[in-house]
Amino acid sequence: MISTDPSIWVMAFFTIAITSLAFRDNPLAKFAEHTFLAATAGNLVTMAWRNVYNIGLQPLMKGSVIMLVPILFGVALYTRYSKEYMWVSRYPTAMMVGIGTGVTVRAFVEFQFIQQIIDTFKPLNSFNNIFFVATVIICLTYFIYSLTPKSQALEKSMSYVTRLGRYLMMVAFGASMANTVITRVGQYAGRIMFLLYDWLGLG
Amino acid sequence: MAGKQDSIWIKLQHIPREILYILIILSMIVPLLRPMGLPITISPQTESLFDSLNTLEPGDVMLEFIDWSAGSMSFHEPGCIAVSFQAVKQGAKLVFLSSATEGPLMYELMLEKFQPVFDEAGYVYGEDYVYLGYVAGQETALAAIASDIRTAFSIDYYGTPLDEIPLMQTVHNYADYSMIISYTMGSPESFVRQFNTQYNVITHIHCGEMMTPTILPFWASGQITGLLNGGVGAAEMEVLNKRPGDAVKLTDVYSFSNILVFIFLLIGNVGFIMQRRMGK
Amino acid sequence: MIIASGKLIDFIALILIWAVAAVFVWIVGGERFAIRRMPAIDAIEEAVGRAVETEKAVVMNIGGGGLLRGEYAPATMAGLTVLGYVSDLTAKLGADLIAPMYSDGGVETIAVATEIIRDAYMAEGEVERFKSEEMLPFLPVQASVMALADRVRPAANIMVGYYWHESCIWAEAFGRVGAIQVGGTTNLYQIPFFAGACDYVLIGEEVYPVSAYISKDPKLIATIVGQDAFKWVAAGLIILGSLLASFGSQWLTQFLSI
Amino acid sequence: MSIKIIRKTVPLVITFLVGLLMIGQWFLNVPSLDELATFLQQWGILIAAFAMGLGSVNIIIRSVHRIQKREGTDWLYAIWLLIVFFLFAITGIGFGPASSQYKYIFNTILQPLSATMYPATLFFLVSAIYRTFKIRTVEGGLFVIVSAIILLANAPIMSASLPFLVTLKSWIMDVELTAAYRAILLGIGLGAIMLGFRIIFGLETTHLGREEGT
């Protein structure tokens, strides 16, 4: 049985409206997209407010005066809308970028450099291992951009290696691409399930 | 004669996109209405997640990051349910939290389906599982959660201070987490960086198939222990649990639509190559 | 021990990498080095040329990463450099430029992009051709992207910056109307799509040396050189470690794990 | 001069100190650093939460501009945008996200939209695959052929009847792809470390905005 719940109908309308965008640019899709944009922003504010209140304002009201500093920093972000006081917003931005960079970069050396190198140490005793090590090195040379005066003469022969690296990466990208299809299908099938089962009451 | 053949190859390359779209939608509708129940092979990535979950002892704490948005609900929700089911079976305590803004509402939708499992196992909110809500700041927040969860959360999602929640009294930092899993479509690497690289906490990831290739090197090096590959992985997990659900239903959809996309790719290329050959 | 256990080599490596970078940036300088050819960037000039011949526009956009968030800002900045390059070319050669802005990339991104284009047109003495309203339309939603593609039918569509799912919509909308496409992003799982759909693609980190390639600024080149040095080191370590592993020695693995 | 110090130098010094402190805390066993870092992380979360409002302010400003311009039907969309935004923000802040009111509007409006928005990319993907993915060059050929193989292998019905597809897929994924992506990741990792260098030592200042007013 087709659903009689008005909210299911609203949901079905939005689902179809967004899908229609793929067929043709139309006012309904535009309407749905604007709703999405606004609702996402509203949801963001809701969630951010909870954080501001729980981590900042509540401790402040309970007497931990030190929280005033980050709160003032947070408020200062909004000076970027004024030409004259825009520089004030640099303080919180600098703080945020400093923390963010520090937190990320400190892990990178081990996480994405040394650990990855260690795992590439493979005994060269099988085709797969040799192929693996060779692929890593050939693809890595693709990402070497600078040429010394000496190697500028070698640019031509280097370009064969870079091209081979590109081919090897293209194979990997082809595989990733096919995986993207399965993800999108899986995601969209969720909407079809909703339309079939919840809205139209089939199955 | 040649002109006529030419036009076929050109026509093959110019099928109106509306037809393609309708075909692809049909390829999803048909298997959903007429399920076939194809066999599912278990990948080594899912296997290692399952094995790792089975090492959980009663009372161990597992952090689950509900970081999906409605967009990937169709496979993240079943994945989360399957993983949580196995964790509950092992008697582990579950701490749910989110670093994505749609997370809290996704948690509530998931809970509607998962509540019976909690009830059956006798799980009580606050003692055996808890939901802490959303925290801003992405990787900075993850670093904070790893070093001291109380800097990121002072109360749970429903407003109870953490110290008044029995489960949270013994949960403070990385030393108290047996393992973490993140269901994410954002940046899975950041979880590995903050939990595994720094503190060697066992880290599992459930992300979309499209992101799996980018983190496979980390699975190969053991920095990620269990890697659930989108909807396919979720279905494998359901099979391992012997509780087929929504993810298994999706498997039939993959068969049809993947073959259809393959056919599109084939037609387009055959048309292209033949047209070029005729042109010569 | 003051250094956390298991992190000694990591710490030394970080200091070493930064020290080498500092040496290249402040002492050696980048004047003696060049950046290898980048077909994707070279293609841009060709594409703008074709736009002039066919009297069509060039579309360039810089993704939705904005400048505020650490992970996305570098890609956006690379995009802005390319935008500068493209607007130099369009100003010089006389093609129309459209640089659509979208999402909450933020007022600052839009302001910076506007300045960059205006500067380029000013430098060529073509400032009367600069019209911020028409050149930098704000497209909050994907529907307007498709409408734009259909209306303008540009000769080229250049996309360099940080992209999520919208990469697909942009590339497909402009591909449909037959534009030459150049794509580049650091978002790993969107690269495959660009690799398939664009005529020229910048793979991941290749987006960064673009600024050095275009501007030929010695300081920028020096950072790239410093970075490259450690790619050679990585390649060397991998070969050494694999050879050692072939003879059954785990020595290097153990050393690097200290 | 002093204006330049306050407006430009001090922010750079903040980034420098905070960045080094977070890095130092990770590598060094100094308890006082740990405490400071924990503190700073909390500040970071709080400032990030404030920053989340910036996007909304952008949206409001843009919408007001669009309403003022009164172009075609565009301004009507802008009005609708503001209405929905305030509906969500007011309900969410007033009643809280766990309230039944907020859950209702979220589940009826945002959930179906968000759930369709990204997945609907499928259609663009499909037509791009059909239209643009052609065997033009060697690169393109490799790309298309591998895509085709993995597409088939990803279809359970095919992989069940043709087991070699599974073997081929797992070879591509575990050997070829892992190796290629590892090289890309090594490059990105070094790039990130170097970017950290540039930010912490003040070579990279784009995030602080234009030079104006310094």
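Every chain is named by a letter (A, B, C and D) in the order it is written, and numbering of its residues begins at 1.
We adopt the following convention: contacts are C-beta pairs under 8 Å (C-beta built on N, C-alpha and C of every residue); 3 or more make two chains touch, one makes a residue touch a chain.
All values derive from a computational prediction rather than experimental measurement.
Visitor: If I average the Cα coordinates per chain and compare with the overall Cα mean, which chain comes out closest?
Guide: Of the chains present, the most centrally placed is A.
Visitor: If you average the Cα atoms per chain, which one ends up farthest from chain C?
Guide: The most distant chain relative to chain C turns out to be B.
Visitor: So how far apart, in whole Å, are chain A and chain B when each is placed at the average of its C-alpha atoms?
Guide: Taking the mean C-alpha position of each chain, the two centres sit 15 Å apart.
Visitor: How many Å are there between the centre of chain A and the centre of chain D, using C-alpha atoms for each centre?
Guide: Centres of chain A and chain D (C-alpha means) sit 3 Å apart.
Visitor: In chain D, what residues contact two or more other chains?
Guide: 23, 26-27, 41-42, 44-45, 48-49, 51-52, 54-55, 59, 61, 81, 97, 106-107, 110-119, 121-127, 129, 131, 133, 143-144, 147-148, 151, 154, 173, 177-178, 181-182, 184-188, 190, 193, 195, 199, 207, 209
Visitor: Where does chain C touch two or more other chains at once, residue-wise?
Guide: 7, 10-11, 14, 17, 68, 70-71, 104, 107-108, 140, 188-189, 192-193, 195-196, 203, 205, 231, 234
Visitor: Spell out, as numbers or ranges, the residues of chain A touching 2 or more other chains.
Guide: Counting only residues that touch two or more other chains, chain A contributes 21-23, 30, 33-34, 37, 40-41, 43-44, 47-48, 50-51, 55, 80-81, 93, 96-97, 99-101, 103-113, 116-120, 133, 136-137, 140, 142-143, 166, 169-170, 172-182, 184-185, 187-188, 190-191.
Visitor: If each protein chain is taken as a node and each touching pair as an edge, is the resulting graph a line, ring, star, complete or other?
Guide: Contact pattern: complete, every chain touching every other.
Visitor: Taking the touch rule as given, give the residues of chain D at its contact with chain C in the complex, in rising order.
Guide: Residues in contact with chain C: 23, 26-30, 51, 54-55, 58-59, 61-62, 81, 117-118, 121, 124-125, 127-129, 131-133, 143, 147, 181, 184, 186-188, 190-191, 193-195, 197-199, 201, 203, 206-207, 209-210.
Visitor: Could you please specify the touching residues of chain B with respect to chain A in the complex?
Guide: Its residues touching chain A are 17-18, 21, 25, 28-29, 32-33, 71-75, 101-102, 104, 133-136, 139-140, 143, 152-155, 189-190, 192-194, 197-198, 208-210, 212-214, 217-218, 220-223, 230-232, 246, 249-250, 253-254, 257-258, 261.
Visitor: What part of chain C is in contact with chain D in the complex they form?
Guide: 1-4, 7, 10-11, 14, 17-18, 21-22, 25, 67-68, 70, 73-74, 77, 80, 104, 106-108, 111-112, 115, 138, 140, 165, 168-169, 171-173, 175-176, 186, 188, 193, 195-197, 203-205, 208, 219, 223, 226-227, 230-231, 234
Visitor: For chain A, which residues are in contact with chain D within the complex?
Guide: It is residues 7, 10-12, 14-15, 18-19, 21-23, 27, 30-52, 55-56, 67, 69-71, 73-75, 77-78, 80-81, 83-84, 86-87, 89-109, 111-113, 116-117, 119-120, 128, 131-133, 135-140, 142-143, 165-182, 184-185, 187-188, 190-191, 194 of chain A that touch chain D.
Visitor: Okay, in this complex, where on chain A does chain C touch?
Guide: Those residues of chain A that touch chain C are 21, 25-26, 29-30, 33-34, 37, 41, 80-81, 93, 96-97, 100-101, 104-106, 109-110, 113-114, 117-118, 120-125, 129, 133, 136-137, 140-149, 152, 155, 158-159, 162, 166, 169-170, 172-174, 176-177, 180.
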